[in-house]
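To keep things clear, I will list the structure first and then write my remarks on it.
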Amino acid sequence: MAAVAVTMVRRLLRSGPRPGLCGAGGREPGAAPRRAIGHGRVAVELDSSAGVAVMKMENLPVNSLSLDFLTEFLISLEKLENDRGCRGVILTSGAPKIFSAGLDIMEMYGKSTEHYAEFWKAVQEMWLRLYQSNMVTIAAINGSSPAGGCLMAMCCDYRIMAENPKYSIGLNETQLGIVAPFWFKDTMVNTIGNRATERSLELGLLYSPPEAHKIGLVDQLVPEEKIQSTAAAVMSQWLAIPANHLRMMENGHLPYVNLCR
Amino acid sequence: MAAVAVTMVRRLLRSGPRPGLCGAGGREPGAAPRRAIGHGRVAVELDSSAGVAVMKMENLPVNSLSLDFLTEFLISLEKLENDRGCRGVILTSGAPKIFSAGLDIMEMYGKSTEHYAEFWKAVQEMWLRLYQSNMVTIAAINGSSPAGGCLMAMCCDYRIMAENPKYSIGLNETQLGIVAPFWFKDTMVNTIGNRATERSLELGLLYSPPEAHKIGLVDQLVPEEKIQSTAAAVMSQWLAIPANHLRMMENGHLPYVNLCR
Amino acid sequence: MAAVAVTMVRRLLRSGPRPGLCGAGGREPGAAPRRAIGHGRVAVELDSSAGVAVMKMENLPVNSLSLDFLTEFLISLEKLENDRGCRGVILTSGAPKIFSAGLDIMEMYGKSTEHYAEFWKAVQEMWLRLYQSNMVTIAAINGSSPAGGCLMAMCCDYRIMAENPKYSIGLNETQLGIVAPFWFKDTMVNTIGNRATERSLELGLLYSPPEAHKIGLVDQLVPEEKIQSTAAAVMSQWLAIPANHLRMMENGHLPYVNLCR
């Protein structure tokens, strides 16, 4: 896993310095328990006393998942993953009215094959890292969340959405003439089941908050002004669970495994 | 896939001519945009302007899935599949009060091993062809649909059922002392989930339209007189989706597949 | 399968006689159609005329799944399995307010590696035997049913729970700092789907009877005094199904299997 970080850092170095990237997600020595520590596309605020970080996506205007953004996101996430003081992450948006608009179309058009490979690798790493995180991950969906934005939300352990009727969420790639990758599909099947996923993908459906809640695409709806406080409250419930057992059931490293056929 | 058609045609030729079979599903040169083109057990009416065909099962009295019927059904379906002017199929029944009664029991009793093999091969091809069709498939379930009839409906992309309380739908093989094949089961699991399928198959349950709608076995209920118009309206919604993307997600022929582990 | 019974019996013999164990679940020659035939931790009452046995767990105070209890349970179950006169089993509890408290923690602490292996083997055999039984199995959940108790219930074909608000059911291992084995998880996924299982296991959720019914963890709620009569009535419905077909769909021993790719 460390090798991935190296790749990420190397990519950054090759691209030269960019404003706001350095230090994103890191903690300076002697920092106060709660302070903003990112200045780029991903603002990370770690509350050391609670062991909870808020990752706020700020790739304005619509948090498109560009290669640059994904790279910064992955570095920020890995720093938190490696920080023993951080046990939970709340993923939310600093952009108005949108959680994330999904993959940046410009990364998929008129570029080299190498670029496409690098871009899709970053998308997949975002998916793998978020979905397999050892931290508790909660999505505070404070805006619309189509396509790749919906994938990010689905990768989290729990989804809270603002009940603003102007917002929607779903894998709508089909409507745009794009086919959602099969691992987007698999993640959705794990979340809402096979048949609801089938309809969603064939028609490229975007759901209103009540519809999304009804089919289980989000777990809870709250008034928009309460989304961050609700996420913090839910996180404290999750962190009351013995930490080392969360997600462990997925790994299979259990003493009785060898007894099974 | 073409080889299958050859097999089908050869089987027909070996059996000699049968009334109503020739020309089923085909289009005569210079045909008007909308006209009936089948005269046998499957009446196919293709609306070329809309790109939508209605396949009406007419194997009276109860649309039993005999080897002859399945053979004609498969030929009709393949002709539409190969017709670039046809993008959607509405599957419905011309028999009163029944969509399809399912597999013809007479094909499974007192015949040769070769016959059983040929019959089951046709059943499986019906399943594979319908389930994997490149066209949008909508079932307009205008009558009861037990056993193999339910399988046909489940193979479609969308299921509309007449809300007539005398109708029912389900895999009721167990009630008849027959065990539903595992691929019937798999198709049902994909439609209504594992637990509902378990109960359905163990008890051989037939559901009323409201029950079927509640568990997701059908997607929509309408008054019987509106079933064809509803199917046409739903089809136009589906065909508004970029056509080449429908079902494509199932194939995995995507540029980034090789990037996945 | 017979070899397992030998192992079980041998284990009993090696341990020496224990009160109440011998004869559990067996039927004495010339026994009346309905009489109690177990005197140990599992009381088996077989109604020969109906072909239905009631297995009442009586490992007081809370029906902990100790190695001794599991061993007796497995022997009782196998005797019924081999008794052609028994086609259905109702699993219930003779302990007040609890169905089963799940695995006996004392079996997992301060024992030898060999003991752990023997214990987990018995747990897995309980799971395999109950889940794959050829008999119809109905859980009459007349008390709380956490952890391994919930697993036992989930292994049955149908679950009826007393609607007493003091009772709860679920895989709560995580709350206790234990990770549920992956086959507990798989069984729950088969019962309530992937997402509900994910939340259940991550948070170690225990559900009230109405909650359990809503997510499908139990099939039916009844007043506590009616649970046994309801179980008997449901069983008679299940036994009206041709007996040899129940569960057969799971085996795949069907004549057309070879026709599938």
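Lettered A, B and C in written order, each chain numbered from 1.
We take it that contacts are C-beta pairs under 8 Å (C-beta built on N, C-alpha and C of every residue); 3 or more make two chains touch, one makes a residue touch a chain.
Only a predicted model underlies this, so the values are computations on that prediction, with no experimental measurement involved.
One rotation lays the C-alpha atoms of chain A on chain C, and its angle is 120 degrees to the nearest 5.
Two copies of one sequence, chain A and chain B, touch each other mainly through non-matching residues, since under half of the numbers at the interface are common to both. Centre-to-centre separation between chain A and chain B, using Cα means, comes to 40 Å.
Residue positions of chain B touching 2 or more other chains: 193.
Within the complex formed with chain C, the chain B residues making contact are 116-117, 120-121, 124, 174-175, 177-183, 185, 193-195, 198-199, 201-204.
Against chain B, the residues of chain C that register as touching in their complex are 157-158, 189-193, 216, 219, 237-238, 241-242, 245-249, 252, 254-257, 259-260.
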